[in-house]
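Below you'll find the structures, each written out as structure tokens.
Presented sequentially are two complexes of chain A, the first with chain B as partner and the second with chain C.
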Partner chain A sequence: MATRAPARARRVKGEALHDGFLRYAGFRWLKIATLFSVVAMVSYMLVDVTPRHNGGSWYGYTMGTIGVILILWLTLLGLRKRAMTRGRWSLKTWTSAHVYLGLSLIVIATLHTGFQMGWNVHTLAYALMMLVILSGIFGITVYATIPSALSNNRAEMTQGQMLDALRAIDRQLHDAAQPLPHDQAALVRQSLDQAPFGGGLVARLSGRYPRCGTARAQTALRHWTGDHPDTGQEPLEKIDALLERKLAMLARLRRHLKLKALLEIWLYVHVPVTFALLAALTAHIVSVFFYW
Partner chain B sequence: MTDRVRIAIVGSGPAGLSAAARAAELGLSHLLIEQTDHLSDTIFKYQKGKHVMATPSQLVLRSDFDFDAGKREAILGRWNEQAAAQNIKVAYNSEVRGVTGTGDPIPGSIQKIVNRKRDGTTETKEIQRLAPPYRLTLADGREIIADAVIMAIGTQGNPNLMRCVGADLPHVQYQLDDPAAYNDEHIFVIGGGDAGLENALGLAADEAQGNVVTVVNRSAEFASAKDANVKALMTAAEAGRLTIMSESTTARIEPGFITLDSRDGEVKLKCDRIIARMGSAAPRAFIESCGIEFTSGDRLASPSLSPVFESTALGIFVIGALAGYPLIKHCMNQGYDVVEFINGNKDLKPADEPILAAKFAALPEQKSVAEWLEFLRSNVSILEGLTPLQMREFMLESAVRAYRAGDVIFEKFDPGSSLFGIANGHALVEVAPGTEVEINHGSIFGEVGLISGRRRGSTVRAGADSIMVEVSRTAALKLMSSNPPAKRAITRISTERQLLQMFGAGLTPQDLSEVLDTAEIQTVKAGQPIIVEGDLGSDIYVIRVGSMIVEKKVGGKNVFLSYLPAGSYVGEMALIAGGPRTATVKATVKSEVIKLNGEAFTRLLAAKPALLERARRDMAARQDVNAFIESRKDSFSTVVDMYSETAKFLVDNGIGEATDVLLIDEHLCVGCDNCEKACADSHEGLSRLDREAGRTYAHLHVPTSCRHCEHPHCMADCPPNAIHRGPDGEVFIDESCIGCGNCQRNCPYGVIRMDSVPPKKPSLLNWMLFGAGPGPGEPSKKWRYNNAVSGVEMPKKAIKCDMCSGIDGGPACVRACPTGAAIRVAPEDFLTVARLHREAI
Partner chain C sequence: MSFLLRQISLTADGRDIVRAATLAKPQLSLGRAAENDIHLPDLALEPDHARIEQIDDRTIRVRATGTLGFELDGRTIRSATIDTTKGAELRFGGHRITVSRDDDGAAILTIRRVDAVSEASEEKEEARVFSLVGLLPSKRLTAWAMALAILIGFLAIPIWSYASRPTDDTRNIFTVAGDKSWSSGPLSQAHHALEGKCETCHQKAFVSVRDSACQTCHKDVHDHAPATRIAMARAEPGFGGKLLGLVAATFGKPPEGACVDCHREHEGAGPMQPTPQAFCTDCHGTLRDRLKDTKLGNAADFGTDHPQFMPLIQTIAGRHPRFSRASLDAKPMEDNGLKFPHAVHLSKTGGVARMARTMKGQADYGDVLACKDCHKPTADGVRFLPVNMERDCQSCHSLAFETIGGTVRTLRHGQPEQVIADLRAYFRSTTPATPLALGGMARRRPGDYAQGRIYSAYFGAAAARPSRADDAIRAVFSKGGACYDCHTVTPPQANGNASWQVTPVNQPMRYMMNGWFDHKAHRTESCESCHAAPKSHDARQLLLPNLDSCRTCHGGEKSKADVPSGCAMCHSYHVDDGAPWTPAARKIKEKPHKPRAADRET
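Coming up: the complex of A and B.
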């Protein structure tokens, strides 16, 4: 029915068919990391180290060196993310490689230890590394599952708009509460005084705010409205409707904050523990070379 | 009372002021007539504290008044002082309503005024021009007699006035300078356009001001306002911050009250202030009534002027923005020049002479500026109708270059929207590898980029040693709007070339002549179909401007088949295969198509088997898509639906006119805003995108960021012409921006922000190691304030995405996204059935 003009220059920039970081280039880095791990495992079996595999054998050194280089490189992601230099790099590719090569560290580092653990700085470094990796696994899980929920919940609203909407409702509540007697007005005030960001980390992550002023104001005010017939005239009816709207908006904002917090919280483990790991690693290497 | 002066100057903007200053200096009797109670109303109305820019910098200022970049207040203050010191005679509060000659009728000099009515018909009025001296009639009945009149009234026009009883009361105003200046008032804003809505929102923004604001709109909808403004208004109304009265008009105004005619009858309301923003009438009708002719009927046209700025009415001169020169420096220079001319100075060279001389300096021959202008005008056919003054203006925005035989002028797929005219020599267009077509001396090329705003279709070389004029898109559009024969010539050539290029090699202009003679250019409104499924018809349509979508009814639903950018043709299936139309084709945005007569085209196909073969092949590809959709309609109906709906959503959000757009896949976006930070860090610390804002459908998010429109709305009205399309197809703003904010108002997608460059941040390492500075991304307002370099004023300029042009690696937003959620796409690549294939399988 219709025909396009002769094909134009191929785009080289953003691809029209795009992949996320996990699927990047047909799982290229998953394949590379798997190959890497398999080679490591097979050579572990084939190489004969006497008396037994350990970090100090030539095989152990090889694995250890690879591991350190990998860890240093993995840490560099934090720099790459923030240094907006020119050039043909993409953070997506970096993240993709980071995730899969990071996972391959489980194999590399474990083989490096030769399964010799103990209560020492060496094992501490190993444990810290595993902690970083575990938090990373948590990270990719939330990265894979939460974004669409975040998008659905916000329904084209920005966080700023949610706060604006709350403020607008508050203004209306404030005006509508003017004719109320003192005790009822105090209840409305409870909702007005509530800070939308209050409640602390637990509330933020769980999305539950048991001490929510708005919910309590509504419950309390319903004592008054409960036994009155709806006339559509009473100021309290209007307040009830406003509180209802405010609760709905609060619920959306809280879900938004919860989802955003989940997407970020793990980085507060991942990054600090990375630094602890770097410190432990240094101690591990220094002790190995100087206090044999 | 009747005054008599040698020169009457109407309007005290930079142009009029400078003219009056020159007249005073030369000791000529003069009067500067200004309708307001202050000088230079346009500049007076700029936002408080606005930094006024003095571009173009290479142009020298020639005026008895000073002007340099600086704050609005400083410039106006200086001018007021100088006006007093230099003994300029000013009549304030004097609106000129009419200018007529008092002498004898000038034989054969008749002014035709064409009035275009709403229903499309026109009415022509004829006025006999009378010889000078002129009588200027003021609004209050006073009269002034002058030998010469200088019109310098700018282009702002006059606001449409309220006409009801009480409209002249002092609390009715037509402008709002500072919304924060009013407290605890009942304010009515009349008018539902952007100006009205912005004023109302401003007045209601701060609750603490305690204003009760009501917007009065004549119709039920706010059709003429921007979406963002309407949305903000609705939210504000919902929040109870202001009231909207639609389908209402003002019946009466009394001190303290306003009476409105509303749907529910008359209502009388408390009212302390009325702000009427009902648009303004362009000054054209007034100018025409003085006997001054315009170059064409086009909205953008300026008056026809001689090289000394004299209009078609002898003795009436036009300068400044009204003459087509919107920059203050130009205005002031012209004010000086025109008085010199009136005073008999014949040797004065225009102040832009050195700029033009520089443009010609590199050419192989040595000629004077005037000779070069005449050489170009007489050799390039589309320039023939220009006056010497128009030629000067035209050349200021164009370039001229000499090429050696064989030099490449531009390459296929190069972006570029300029038009070339051949003043000398000829050009060779490579229509296919090894096949070149000659374009002769006097003709033009490159017009396709001009019309469709997309990439070049072929490589062009100089066929002999040649001289070519490169006409920027803006200059070309101005030329077309002011010169109807030039417009016809460009249109005919571009249609012919577009067809030749589209239908491939082997065709000659002769083959096409019948098709071209029956071709018709049609404008299609957004959403309007050009072809309807099931209809009979065999005409072919070529999309010249804009884009179309193809839809087909499958199982009672409209399924999106494909997206057609400008430069595609459609409709050949019915012609070749016969039968009714198999799909509907409609415009995504206001578009232009070339309609080719089906019968003429059939004859062309019959005569050219190669073309028929090509059309058959193209058709087969389309049929495959149709068949594919049909085959999927049961098993994959949800996928197909999703695809259709997503495509429609994108088209509804302006992707139909985009050439490159940032999309965010919200299946992947973790909300880290690294894209915004990267954008800010790649561009002087200001982000050009707002990731979270914007529309979303099925997790596909269109953030607030530039779409690099095919025909950028933002370019429409930029006084220094600072907006261009760059080498990668990006629309960008150069450093000559004067911060007037026109582009921000004109962009329908709200992607332009006005801001000043923030202070420099400490380096990334400094921040990482020592916590110095605000870290990556755009610094906060507070940090910017605290770290501002004192004494250096940073003017606010227009900021928008430039697609990271010149940055190796490409768009920073895409490179910096850790999950791959951010992508930049061209709509024709994104909206293809190929995606559906992939997703369905």
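Coming up: the complex of A and C.
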């Protein structure tokens, strides 16, 4: 294990490998960001800016400059994450700082506004920034809670295995349905033709599939099996059992998809809105100096 | 007459396996059931789905037996005749059957399963199907779309609307302006008409608002003081001020003292906010440290740091009076030329109160005299008119001296020469009371001597009567006379006067020449709560309230006093004789004040 020793030596004191980016180095960046925010808030109260606090006072300029530098740096995580490294400026450090400094931006930017809002490009930039931060908070929350739920739901299966299990059930369904008359076979086909990854975004996020073909096929087939004893001979009984297994498998898959969607969806807000924010920020800064 | 079947299936590693069979029958059955000649395990097919018949050497017919058809070259039909030499492609459910012909004339049916058993069994790209890809527009696309939309809507369009503005601008505030989204807030009431016309003030791109832009309309606003003195007076800015100055200098903003430094815009609709006192105290808080020759005291806050009032008072009365400013701390006396004890007139007992009660019916007096009986406010209510003898004093202090046919003749107030002339005319034109012996009504005295005395007394008096005028004039102007009671009178010869002189009375309507005081704004207060008139026994006492008196209600701008008062409440930056500018909000806000402690005690 000679190759591992240097890696361990590069680790920062106090850092355990299993520490997440949230509790990295004993919440170091949480402390730094809190201190930063408190200093900003106290100075806001103490500094007597005339006639009132707004973005154009010296305090406003200071907060604005800090804010824009922070935003640009936070955006750089998108580049930084593509190069994973360890050590003092590891990606984990960077992510930890990203989260907590990003949160402190709420304080910095709000104080920069001096609580003056309106229907204009300036408040647009602020609103977009808040949207990015809120989506980030959502992301942190799901990152903290969902992986364990995801793991519980998987029952040691990989995604590929889930799909293979579904395919195996489908093959058995297909074979078992061969002797069936056409109308019953059509019901089985309804289940087979159902797209397990179908449904729109709403279905994916809610995990509800009210038009599920398998469930409908099973309901319909039970019209036939309902009043017959299970003799062990009837192909419909076997199909019913297979549909039952398929439904269970689908439920697991759908839970998995829902959790994965929750893990992903916030990035569809966080990332594009960040770029919208950069555009609004550019417009904000240019407009302020254009009509100075 | 035979069919050659070639069933193609895939091995696990993707190779084709071909199983060939020859069926020497003129007709083949096709379906899902195992008994069929062509058994296709496909749930999309009926158990008995179709027949394929050989019609002649080069023609076969395909015919659906059930209700479902099949596809021929992409079209769903129920029956078809196919020339085997030309070939065709049939589709039954998930199976494809290619028709061709071998050299011996047998029809070849090549059967291949093309659809997977189920949707799930089709090939899936795991990274894709398990993610949101495909359900949402891509992040990159959304990012570009949003960023571009914002850059166009909030940057390009405003700049374009600025650059393409016609010179003869006929837009009004209701015209949609491309650069409106740049406005950080609505303009104040006074500038509302400029809303949307950004270039009125922001005349050049990337050049801050200049005074010249303000002065296109505000032509006659003058400076507070010479620019050099203002520059000297301004305190060294703190850290923040220096930073702001640095930013301003870097980006070409004019130095401090621009109009917009005090008059901030885009701070919200409604009246413009009053200038905060900090803008004044930047200089005036520690003015004496820098402007050594100034006569002004330092003033940082009305409640805590403000010099005592220095009213302009008359120090020397007379025809050539002299005025100077004196601090109220020194309890200065002002000789205004009158002998008027306020205490006597406002007393609840004594002659004046008695007189007031007597005259209740004629004049609008109460049981005692009140301030308003003599002091009348100006039309705007800001100040009080000088007391007028004829209007305010004469109802008690009569100058009547004769009645002719029911008409009362009075001495002319304010014109001593006329008084002297009138008195002389009176004594010249009248005779003493005529005795009875001479036809008068007086009781006759017995004896001739008495008779002689009557003659000599009467005619002597009549002859001397005109000269009696001098005595009367002297009496009027001297102690106990009508003038002397109130006025300072100098007799003839004194000071080189040819005649009696009455010192002109000085009744200034304004004492504070650099500060503004509005009596109307204080009408909820009683006069006595500020002016100690009822206790004043000497007319020379200045009854102006001092700083402490004002501070019972007024405090600094941010104080907790009843009336927080910034500099601008009393002082004007662009100094003139008028009232300082008052925000409308404050005018409305005038509400009854709490009674002051002094009032509650009485």
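Here are a few things to note about the model shown:
Rule of thumb we're sticking to: the second predicted complex is superposed on the first by the 268 of 292 C-alpha atoms of A that agree within 3 Å, B and C clash if a C-alpha of one lies under 4 Å from a C-alpha of the other, contacts with A are read in each partner's own complex, and residues count from 1 in each chain.
Heads up, the rule we're going with is that a contact is a pair of C-beta atoms (placed from the backbone, for glycine too) under 8 Å apart; a residue touches a chain by one contact, two chains touch by 3 or more.
Computed from a predicted model, the values in this text were never measured in an experiment.
By the touch criterion defined above, A:32 lies against neither chain B nor chain C after alignment on the C-alpha atoms of chain A.
Contact with chain C, but none with chain B, is seen for A:118 once the two complexes are overlaid on the shared chain.
Of the two partner chains, chain B and chain C are each touched by A:260.
In the superposition on chain A, contact is made by A:193 with chain C only, not with chain B.
Residue contacts after overlaying the shared chain place A:251 against neither chain B nor chain C. Legend: residue contacts after superposition of the two complexes on their common chain; A:171 is shown touching both chain B and chain C. Counting residues of chain A touched by each partner, chain B versus chain C, the larger count belongs to C. With both structures placed on the common chain, the touch criterion links A:220 to neither chain B nor chain C.
Applying the stated contact rule after C-alpha superposition, one finds that A:134 touches neither chain B nor chain C. Shared-chain residue A:159: touches chain B and chain C both.
When both complexes are aligned on chain A by C-alpha atoms, chain A residues 159-160, 171, 175, 260 touch chain B in the first and chain C in the second. Chain C makes touch with chain A in their complex at residues 32-34, 41, 43-44, 46-47, 66, 68, 117-121, 124, 126, 129-132, 135-136, 139, 142-151, 154-155, 158-159, 162, 179-186, 198, 202, 205-209, 240-241, 243-244, 247, 251, 253, 264, 267, 273, 275-276, 278-279. Against chain A, the residues of chain B that register as touching in their complex are 207, 235, 238-241, 413, 454-455, 457, 502, 504, 548, 550, 552, 561-562, 564-565, 567-573, 581-583, 585, 615, 618-619, 621-623, 626, 665-672, 674, 677-678, 681-682, 692-696, 699, 701, 764, 768, 775-776, 807-812, 814-821, 823-826, 828-830, 832, 834-835, 838. Against chain C, in their complex, chain A makes its touches with residues 47-52, 54-55, 57-59, 61-62, 116, 118-122, 124, 159-160, 163, 166-167, 170-171, 173-175, 177-182, 185-186, 188-189, 191-197, 200-201, 204, 256-257, 260-261, 264-265, 267-268, 271-276, 278-280, 282-283, 286-292. Listed in rising order, the residues of chain A touching chain B in the complex are 1-6, 8-9, 11-21, 24, 79, 81-84, 86-92, 94-95, 143, 146-148, 150-151, 154, 156, 158-160, 164-165, 168-169, 171-172, 175, 260, 263.
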